[in-house]
Every structure is written in structure tokens, then in C-alpha cells.
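Attaching a single structure in C-alpha cells format; questions to follow.
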Amino acid sequence: MSDLTKIMIMMRKAPYGTIYSFEGLESVLIMGAYEQDISLIFVDDGVYSIKKGMDTTQLGIKNFSPTFRVLEGYDIEKLYIDRESMESRGLTLDDFVVEPEVLDKEEITKLMEEQDAIFPF
Amino acid sequence: MKFGVLVQEGPYHHESSDSAYQFVKAAMEKGHEIVGVFFYHDGVINSTKLTDPQQDDRHIQKRWSEVAENGVDLVVCVAAAKRRGINDDVLAPGFRISGLGQLTEMAIKADRFVTFGA
Amino acid sequence: MLHLVNKSPYYASSLDSCTKFAKKGAPILLIEDGVYGAMAGTSFESKMADIVKDFEVYALKADLMVRGIDKVAPGVKEVDYAGFVELVEQHTTTTWS
Amino acid sequence: MKFGVLVQEGPYHHESSDSAYQFVKAAMEKGHEIVGVFFYHDGVINSTKLTDPQQDDRHIQKRWSEVAENGVDLVVCVAAAKRRGINDDVLAPGFRISGLGQLTEMAIKADRFVTFGA
Amino acid sequence: MSDLTKIMIMMRKAPYGTIYSFEGLESVLIMGAYEQDISLIFVDDGVYSIKKGMDTTQLGIKNFSPTFRVLEGYDIEKLYIDRESMESRGLTLDDFVVEPEVLDKEEITKLMEEQDAIFPF
Amino acid sequence: MLHLVNKSPYYASSLDSCTKFAKKGAPILLIEDGVYGAMAGTSFESKMADIVKDFEVYALKADLMVRGIDKVAPGVKEVDYAGFVELVEQHTTTTWS
């Protein structure tokens, strides 16, 4: 199985202000179908993408929180988050709609070095 | 009062056209006059009638066209539009393509000008 | 003059530029990703505590809601779009992005 | 080697489609194979044939169409395109609209993937 | 003459990376024809817009330095620059294709407060 | 891994994020507005002096030229697009924007 392509999706942008994380999520859902080694990591303002409690009714914008929740069903089981990005923004695992594994930056560096491709959104 | 609005970013990609729409709606509800909304930079992409968003999302171009039905002038910068492939063939109802002079004229007419973007 | 700020303070220097040039006591309205600067309990809160001493800081309610932010830092006032319009009635406006 | 390229921004508005073009050109000159260029987010706006820049500026869409003539697959994300008013009616020569699966397939085929944007 | 509209164009974005300053310049040239009270100020990365020595031939991008040079002929005579933005970027007046008046931030604050409209690019 | 950075360090935190996560000794290529971080004689030069101790820093020649930057900070190497391609040959690549 070592010839699987290792692809990391790195979400770095805040949701709603710009569409990168939402469209990035659409790509993750498709990649899940290809049976490669896909991981999804939240760093910097990307950690806000999985914040609980988004209420988009007033602005009439599509709420993409529910889509994140279905990730586990899509064969994307490797979810990670940068500890420092999370903590500096006053967030804990309880604040999220999914449960990513919390990594220190050294672990993230190591994980990045193992990838065949990294897509930043 | 008379308000002018500048939109500098494309729809969906950036929230600023949503913010501008919500602001215009709230201002009109309070009885203010919108002297015009000027679409500049990637803001011109708000004006294409080919916009076809997902069914469960808002339709930003149609929202603007409805604003125009309420008498608001929606002006798309011709220089910015040409660079981005927007012309009269794809222009949605209620928008018009014109020059940057319109932005100046709006600024002269308006008591307040609010910029959304960049 | 009313100052709009629409970028996350973790990403961009927009709010820094705003507070550099805004007149002391002026209103600053955080919108879009700018509202992340208004969230309570973050590493930015101490900086926001200084900003609210010098300026009237507002955060747009609709943008807080869409991002799931239910508590703002001390001294920050929430406003809805009607309140946004009232601020514009009272002040000429510029935007820091 | 086999290179894949992702373009996340619109033409003229942001330099990233220029950078991607220059990179692709330099890579081909060195004999590398470009397995595809994927246009995502506002990057899809690179593909409209209605682009009409000033005479004294470069024509970014035509540059890409020339790259396609040299055998490079230019894929425009359908979901991103629909939101921004890009469809087959306005698609320039050499581009094709397809799904995100193409991005995955390019990533599997390519030895290297380079992202320009955001 | 006190009923002229006071409009300030504030250039804050770096050139070429994004098009804001170039398209903003196009608007300034038009505004000059309306005989209002127009000023143009460079702050933050916007100060790079008027840097001398831009060579765009290799990238084939339109060079807009020459357009800045003609500003004086267009009735836009109020050109300003933020001292701190300029100095922190290692630039002096000799580095620019036009000669803006150097202002301290307090002077800029005052000037902004006098405007009827400010367009940031 | 090769790291591309395309934002001005005066505006965005992209280069900070890059240096936080990049492996020590890794190549960082500044492109587009990222090259402003490579300019000599600025307030950012002392920070760049620290970065070049930990990483191999490159600046894209075409992007320096288009911006009129004729001198780069000590330790920063200029590369053309052919050199950019060579860096990509040698490393998988990611982008900080």
C-alpha cells in the first residue's frame, strides 16, 4: 500500500470572509473517493472553519458546518489541528464540530515532509 | 441621507458583496437614498447573469438585480469589467456598464460613501 | 470618521493600520473576518483591551453569528445592520482591508 | 518530471495566474511534462473568452490557450465556475470544465504539485 | 469654493501582487477631470506603487509607473505619503517617480477627518 | 519541502506561518508580493537576517524587477524562473499565502 499518494489539505483561511476553506472542503470530499492517503489539517485562521454554532440564517449564506461533520463517512479519517493556532484563538476541542487530533508544530512539520502533495486553502 | 456604495470583490469568493447588499437593504429600510452601487475590481463579477450557484445557497446576482428593481443604480466599471470578461452580453438585469466618472459623480452626490472590500 | 475593518488580526495588519491613523475616540466597526478580533478569551483579547480604551469598538452581529462567536471581549459593543447604518449616518466612513 | 499546477486567483486581479504561466513555460522549456493546470476558486475566471484587456497589457486568457495548444490540459472546476458565471458558452479554446476529481487525478499522476494563490 | 467635494484616494496595497493600486490610479485620473478637491495618499504597502525602476518586460505586465508620472498634469496636485510607511520600508523621496509631501500620522489623521469620501485601494 | 510565500510581510502573517512550520534548513522562495521581505535596507531586514540563519531563502528575480527592487538583504539568493523549476525538481512544494 506504500504507493498510495499522500495528499494533505491544509486549511489556513478563515471561513465566510473568503471562500477558500469552503471550496477546499468540496475538494476533500471528492478526494475521499479515490482511496489515496488523504489528510486534512487546520492551521492559522483555518481552525475557525470547524467552529461550532455557526448561524448563517441572517445573512442567508450556506452553512458548511454540516458538511464538515460528514467527513468521517467519506474516508477522510486523518483530521489534525495545530495546537498553537487553536489555543491562541481561545478554542478547545469542545468548540469544534469534528474531533481533530491536536498536533504540535514539530509533528506538523514532520507530517508535511511525508506528503506527496499539499493543497493550501 | 444619500449613500453611495463601492464593492471591490467578487461574489461568493469574498464576503464583501454580501456585506454591501445587507448594508444597502438596511439603509433603504431606514429611508435612505442609495445614489448608486459601483462595482470595481473583481466586484464587476457580481454582474454576470451566468452566475449559477448551488440550490441551497443565496443567489448574489439576483439579489442585486432585485435591489435595482427598487430604483438603485448599479454601475459596473467598464475598464475593470473588460479585463475580467464581463460585457453587455452577459450583463444581468439592473446593472449597467459605465466609466469611472460615475464613481466620481456618486461621490459628489452622496452624503456618505461606504467601501466594501478589498 | 467611522473605520471599517474586515480582516482577521491574526492574518493581516489592517486593524493595526486602522488604529494608527484613526482619531482617538473614533468608532471602529469590525465586520466580516474582522470580527475575529472581537472574540472573547483569545490571545488577542489583551490587545483589544488597549484598543477599546482609545476607540469605540463595535462588532457586526450578523458576522459574529455566522462564525459561531457568542461572546465578545469586554468593551466591544455588538451592532446589527441597522446600527451599522446609524453609525454611517453619524460619520463619514473609510475601510481598512 | 511530471508537474501539476493549481491556480487559485483570477487574472489581472492577482499576480498568481501570471506566476503560474511563467512557471509552466519555464518547466516545459526544461523538458518537464505538465500533467495539468487546475483552475479553482477565482482561478476559473482565467478561462473566459470574453476577457478583453487593454491593448498595451498582456492577454492572460490567450496565453493559457497557447499553453493548451502545446498539449497541456487546462481544467476549470465546475463548482467554482458555476458560482462565478463561467460556463461552456464563454469558455476559451483549450480549457475544459470538469469536476474536482480531475485535481485528485492530477495529484496522483504528478511528481510535484505547485499551488499559485491564494 | 467650499462646496467642492473633498475626495481622498488612499493607496494601501502593494502593486502587481494585486491590481488595486493600478485600478485605483485609473480612477484618480478620471476624478481629476471633475474639478473637485482630490488628494492621493500612499500608506502601508501602497508606498511601493510609486517606486522607481519597475521593469515589467520579463513578465510582460503593463508598467504603470509612467501613468503615475503624468498625475501632475491631471489636476491631482495633492500627493501625500505616510512617513512611517515609507521609512520602515527603507524608502526615501529619491526612490519615487513622483514627489509626494511627507506627512506624519497625526497630519494624516487630520486630513482624513476633513474628507467627504475616502476610497481605499 | 520547498515553501513558496507570496504576501508582503508588512501586510500578512504568511511568512511567519511558513517559518513556524518549515523544517530547519528548508528552502523558502519569496514570489509576488513576498519579495518585499527580501528588500535590503528595510525595517524587516533584521528579521530576515534571522530567517536566513534557519532557512535557505530565495527571491524570484522577475518579481524583484517588476517592483523595482535592485538590492536584496544579505543571505537572500536571487533565482530566475529556471531556478524556481530546479527547486521544484528537488523538493515537493507548498504555498503560504
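For reference, chains read A, B, C, D, E and F in written order, and residue numbers begin at 1 within each chain.
The working rule: contacts are C-beta pairs under 8 Å (C-beta built on N, C-alpha and C of every residue); 3 or more make two chains touch, one makes a residue touch a chain.
In this text, all values refer to a predicted model and were calculated from it rather than measured experimentally.
Colleague: What chains, if any, are shared contacts of chain D and chain F?
Modeller: Intersection of chain D and chain F contact lists gives A, E.
Colleague: Chains shared as neighbours by chain C and chain E?
Modeller: B, F
Colleague: Taking CA centroids for every chain, report which one is farthest away from chain C.
Modeller: If we average the C-alpha coordinates per chain, D ends up farthest from chain C.
Colleague: Go ahead and note the Å separation of the Cα centroids belonging to chain C and chain F.
Modeller: Centres of chain C and chain F (C-alpha means) sit 32 Å apart.
Colleague: Would you mind pulling out the distance in Å between where the CA atoms of chain E average out and where those of chain F do?
Modeller: 27
Colleague: Can you compute the centre-to-centre distance for chain B and chain E, using the mean CA position of each chain? Integer Å is fine.
Modeller: Going by mean C-alpha positions, chain B sits 25 Å from chain E.
Colleague: When the centre of a chain is set as the mean of its C-alpha atoms, what distance in Å lies between chain C and chain D?
Modeller: 37
Colleague: Give me the residue numbers in chain A that touch at least two other chains, ranges are fine.
Modeller: 13, 16-19, 44, 59, 61, 116-118, 120 - these are the residues of chain A that touch more than one other chain.
Colleague: So which stretches of chain C touch two or more other chains?
Modeller: 6, 10-11, 13, 32-33, 62-63, 92-95, 97
Colleague: Give me the residues of chain B that touch two or more other chains.
Modeller: In chain B, 8, 12-13, 15, 22, 41, 54, 79, 112-113, 115, 118 touch at least two other chains.
Colleague: Throw together a list of every chain pair that touches.
Modeller: Pairs flagged as touching, ordered by label: A-B, A-C, A-D, A-F, B-C, B-D, B-E, C-E, C-F, D-E, D-F, E-F.
Colleague: Going by the contact rule at the top, pick out the chain F residues touching chain D in the complex.
Modeller: So the residues of chain F in touch with chain D come to 4, 6, 31-33, 62-63, 80-82, 84-86, 88-89, 92-95, 97.
Colleague: In their shared complex, at which residues does chain B touch chain C?
Modeller: Residues of chain B touching chain C: 1, 3, 8, 15-16, 19, 22-23, 25-27, 29-30, 32, 112-118.
Colleague: Contact residues on chain C for chain F in the complex?
Modeller: Within the complex, chain C contacts chain F at residues 10-13.
Colleague: Which residues of chain B touch chain A in their complex?
Modeller: Contact set of chain B toward chain A: 12-15, 18, 22, 54, 56-58.
Colleague: Over in the complex, which chain F residues touch chain A? Could you list them?
Modeller: Chain F residues touching chain A: 1, 13, 17, 20-23, 92-97.
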